[in-house]
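Residue numbering begins at 1 within each chain, and the chains themselves are lettered A, B and C in the order written.
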Amino acid sequence: MQPLIRIRALRHTYVFDAGVPIAALDGIDLDLHHGEFVGIVGPNGSGKSTLAQHLNGLLMPTSGEVWVSGMLTAEPRDRWRIRQQVGMVFQNPDSQLVASTVEEDVAFGLENLGVPPAEIRARVDAALDAVGLAGYATRPPYLLSGGQKQLVAIAGVLAMQPACIVFDEPTSMLDPSGRERVLDTIKMLNTEHETTTILITQSMEEAALAGRLLVMHRGRIVADGPPTRIFAEPARLRSLGLDLPPVVEIAHRLVGWGVPLPPDLQTVDDMARVLCTLSS
Amino acid sequence: MPGMYVPDETVVHRLDPRAKLAVALVLMVLPFYAPSVAGGLLLAAFVIGIALLAKVPLLSLLRTIYTIFWIGFVMFFFYAFTTPGEPLVSVGSISVTLSGLLAGGVLIYRLCLLVVISSLLTYTTSPGQLAHGLEATLSPLTQIGLPVPEVSMVMTIALRFVPTISDQVDRIMTAQRARGADPTGNPLERVQSWVPVFVPIFVLAFQRAEQLATAMEARGYRGGSQRTSLRQLHLSWHDAVAALVTAGMALVVVGASYL
Amino acid sequence: MHIELLGVSHTYNAGTPLSHMALHGIDLAISPGERIGILGPTGSGKSTLAQILAGLLVPTAGKVRLDDVVLRTRSSRTRSRRRRIGLALQYPEEQIFEQTVFREVAFGPKRLRLPRAEVEQRVHWALNRVGLPPETFAHRSPFTLSGGEMRRVALASVLSLRPDVLILDEPTAGLDPSGRRELLDLVNELHSETQCTLVIVSHDLGQIVRVVDRAAILNAGQIIADGPVRAVLSDRQTLANAGLSAPAPVVLLHRLEAAGWPVQTDRVLPEEAAAEIYRAWQARGGRP
C-alpha cells in the first residue's frame, strides 16, 4: 500500500531581518505509513514543529515536496482536504479552543467542513465519548483542567475523522495526571481507531511508546528506527542533548556491568520479570 | 458575575435568540416613548414578569443595577437643581423643582431598566447563542460586503477568552508584586505600575492569537461564508407568542401615555 | 531566614458561593539554607503555599513567622523581611516587559531604591549566575531571545534581589531535557554560592532529588508527608494518595523487593538504582 505521507528533499528556510537564512529543515526524505505510531524527538531548534506543520500544509516547502494521500501540499485546491486527512494537536491547550463550550469547540472543524447539522451532532457526541468527556458537552473551557482541554482539542480533531493525527508536544504543559490521560488517549486512538499517529515529544519515556522513532538534529533526521535500536546508542543521544528513559538507562548500565539482559527492555514490568527469572 | 449566563430550561431560556434580541430592543426603546408614570410602571412590571419567568433571582437583578443606580443618583441631583420649573425648595438662588425631581427620577428609571433588560438577555442566552442570533440577523448585510460571520467569530473568541485572560492578569500581577512592584503611591507611580502588567498581557495575547490562528487553520477555518453550524436556530410558536405579547404590551404602554 | 507556618489555612472568596479552602492547617518550618521540595498534584494548594511563604498572600487563618516577626499586612518590619524572599512563578518568562535585558533584571533592585552602582553590580552578578554574560546580553531585547534564555532572564530578575530565600514554582516546566539539567545545575551552584534557602514546588519527581534534601507532599490543601526526599519519593502509598506516581526506578526497586531481592527502595535516580540492583544481583549469586 502507498505510504500515507511522502516527503522528498524537503527544505524549509527562514530569512530574518538580519538577512542570514536559517535552514529549519535541511533535506528531509521520509515515508509515513498507515497505522504507524511514529515518535519524533530532538533538541529545541531541531525542526520538529516545522516538520509537523508541513504535514498538513500549514507551511509550504522552500524546496522539495510533501504528498498526503496522493495530494501535494503545495497545491492550494487540495489544502483543505489535506487538513481533513491530517489533524493536528498543539502544545498549548488554551490556544486551541475557540468556543465558549466544549461541544461547540469540537464542532468547529466540522462546521468548517460544511457538514450538515444533524451529522455534526452525532460526530461531536461520538468524539467526546471516545476521549472520555461524554458529560462535558456544555462545560466552558476555563473550568477545565489542562489535560481536559487537550482532550477537547483531540476530540475536535477526531470528529473530523482524519487518517492521521500529529501531536506536537501535547503533554509538555500538563501535570502528571493530565499527561497520563492524554497519552492513554493517544495510544487508544492508534490501536483501536488505527489512526496514524505522529507524536513529537521532549520526553524519552513518551517516545518509547512509539513503534518507530525519528531523531532530529539541526533540520535533519539523524536516526530512524524502532526505539530499542535508537536507545542502543546512549552516548549519541546524550551528545544531542537527549536522555534515555529511566528504565532503559538502568538496563544499559546493568548490561555494561555484565548482567545478561535482553536488548529491548522498556517497561518496569518487563525489567522486573526478566531480572527475577535471571537469578532464580 | 451579575448578568452572566446561567443555563436553565425556562420558557425564556428556550426562546430563539433572534426573538429575544428583538424583544430586548423593543423594551429598551420603549421607556423613551412612554413618558407617563402608568406606562412606566406597566413596563417595569412586564420586565419583572419576564425575570420571574426566567427564574432570575431578584437579588441578582438588583446587583446588576447597583453601579448604574449610583451614577443615575448623581445625575439625579444635577437634574433636580437645574431643570427650570416651579421651585419646591430654595437654597439661595439654587432651587429644586418638581419637574427637576421628575426628570431625575425618569433618568434613573430609564438607566436601570436598560441595564436590567440587557442583563436579562445575557442571563438567559449563552454567548454562543447571542453571537449566533446576531450573526443570523445581520447576515443579509454580507451582501453589501460586511464581514458578518468573521466579526461574529471574533466576538465569540473574545468572549471565550475573557476569563482566561483575567486569570493571566492575576498571575502577572502576582509575579510583578513578587519583584517589588507596588501598585500604591502617587497617581503617576500608580499608572506606571500598570506597565509591567499590560506589556506582558499584550505580548501573551499576540502569541496566543498566532497560535490560535494556526490551530484554526489546521482545522480548516477559512472565513465564514459556507460554514454550517452545530446549532440551528428555529423560530417556533413560542417566539411568535413572545413577539405578539411584547408588541401588545408596547401598544398598551404607549397608549397609556396619551390617556 | 527561618520561616515558620503555624496552623495556616487559606480560603479564597470566603463568604461567597465561590468560597474555596486551598490550605488547611499547614504546619511547616524551614531552616535557613535548607533545600526543600513541595510536591503535589494540580489543585493541591502548592501555588497558594508558595505565595504565602513569599509573604505575598496573608493567610485567612494561622500565623506566618519570618525569623522572629509575625507577618502582618502593612507593617514595615514585615515588608523588609518579605523583600528578602524571591519568588519565581511558573513560566516566569511571561512576566518580562522591559526593552532590554538589563532593565528587566534591574527592575527589582530599582524598586528597592538601591544606588545605581549597586543595581548595576547586582544585575551583572545575576546575569552571570544564570549563564547569560552581561557583555553579550545586557543590551538585547529580551523578546528576541530563545525560550530557555528568556526563562533565565526571568530567573536573573528574581536573583538580582539577592534573596535569602528562593522559591521556584515548577522551574523546569516546558524545558527540554538538557534545558532541565542546566537549570537544576544552575540552582545547585547558586545554593552553594549563596547558601540561600531553596523551596522548589514541582511535579517532576524524577529529577527533584538532584536539588532538594527534604520533601513535603501537599494534597487537597494538607501536608500528608514531610521528610528526607528519598524516603518521601519511595513511599509509593502516600504518593498514590496524592495522585502522584513514584519515579520509575523506585517502582522497579519495589517490585524486586517484593520478589525477595535485598534492595533499598529509595535509590531514586536511574544510575543509583542500577548500582543497587547490580549489588543485589551479585548478592543473589549472579555472575557477570
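We adopt the following convention: a contact is a pair of C-beta atoms (placed from the backbone, for glycine too) under 8 Å apart; a residue touches a chain by one contact, two chains touch by 3 or more.
The model shown is predicted, which means the values in this text are computed figures rather than measured ones.
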Per Cα centroids, the chain farthest from chain C: B
Chain pair, B-C or A-B, that carries the greater number of C-beta contacts: A-B
Whole-Å separation of chain centres (CA-atom averages), chain A against chain C: 30
Rounded Å distance, chain A centre to chain B centre (Cα mean): 43
Junction residues of chain B, two or more chains touched: none
Of all residues in chain A, those that touch chain B in their complex: 53, 56, 58, 80, 83-84, 87-88, 90, 92, 94-101, 103-104, 107-117, 120-121, 124, 138, 140-142, 153, 156-157, 160
Complex contacts: residues of chain B adjacent to chain C: 168, 171-172, 174-182, 195-196, 198-200, 203-204
Chain A-facing residues of chain C, complex: 41-42, 146-148, 173-179, 203, 205-206, 243-245, 247-249, 251-252, 255-256, 259, 261, 270-271, 273-275, 277-278, 281, 284-288
Parts of chain C lying in touch with chain B, wherever the complex brings them together: 51, 54, 56, 83, 86-89, 92, 94-97, 107-108, 111-112, 143, 157-158, 161
Parts of chain A lying in touch with chain C, wherever the complex brings them together: 43-45, 145-146, 172-173, 175-178, 202, 204-205, 241-247, 249-250, 253-254, 257-259, 268-269, 271-272, 275-276, 278-279
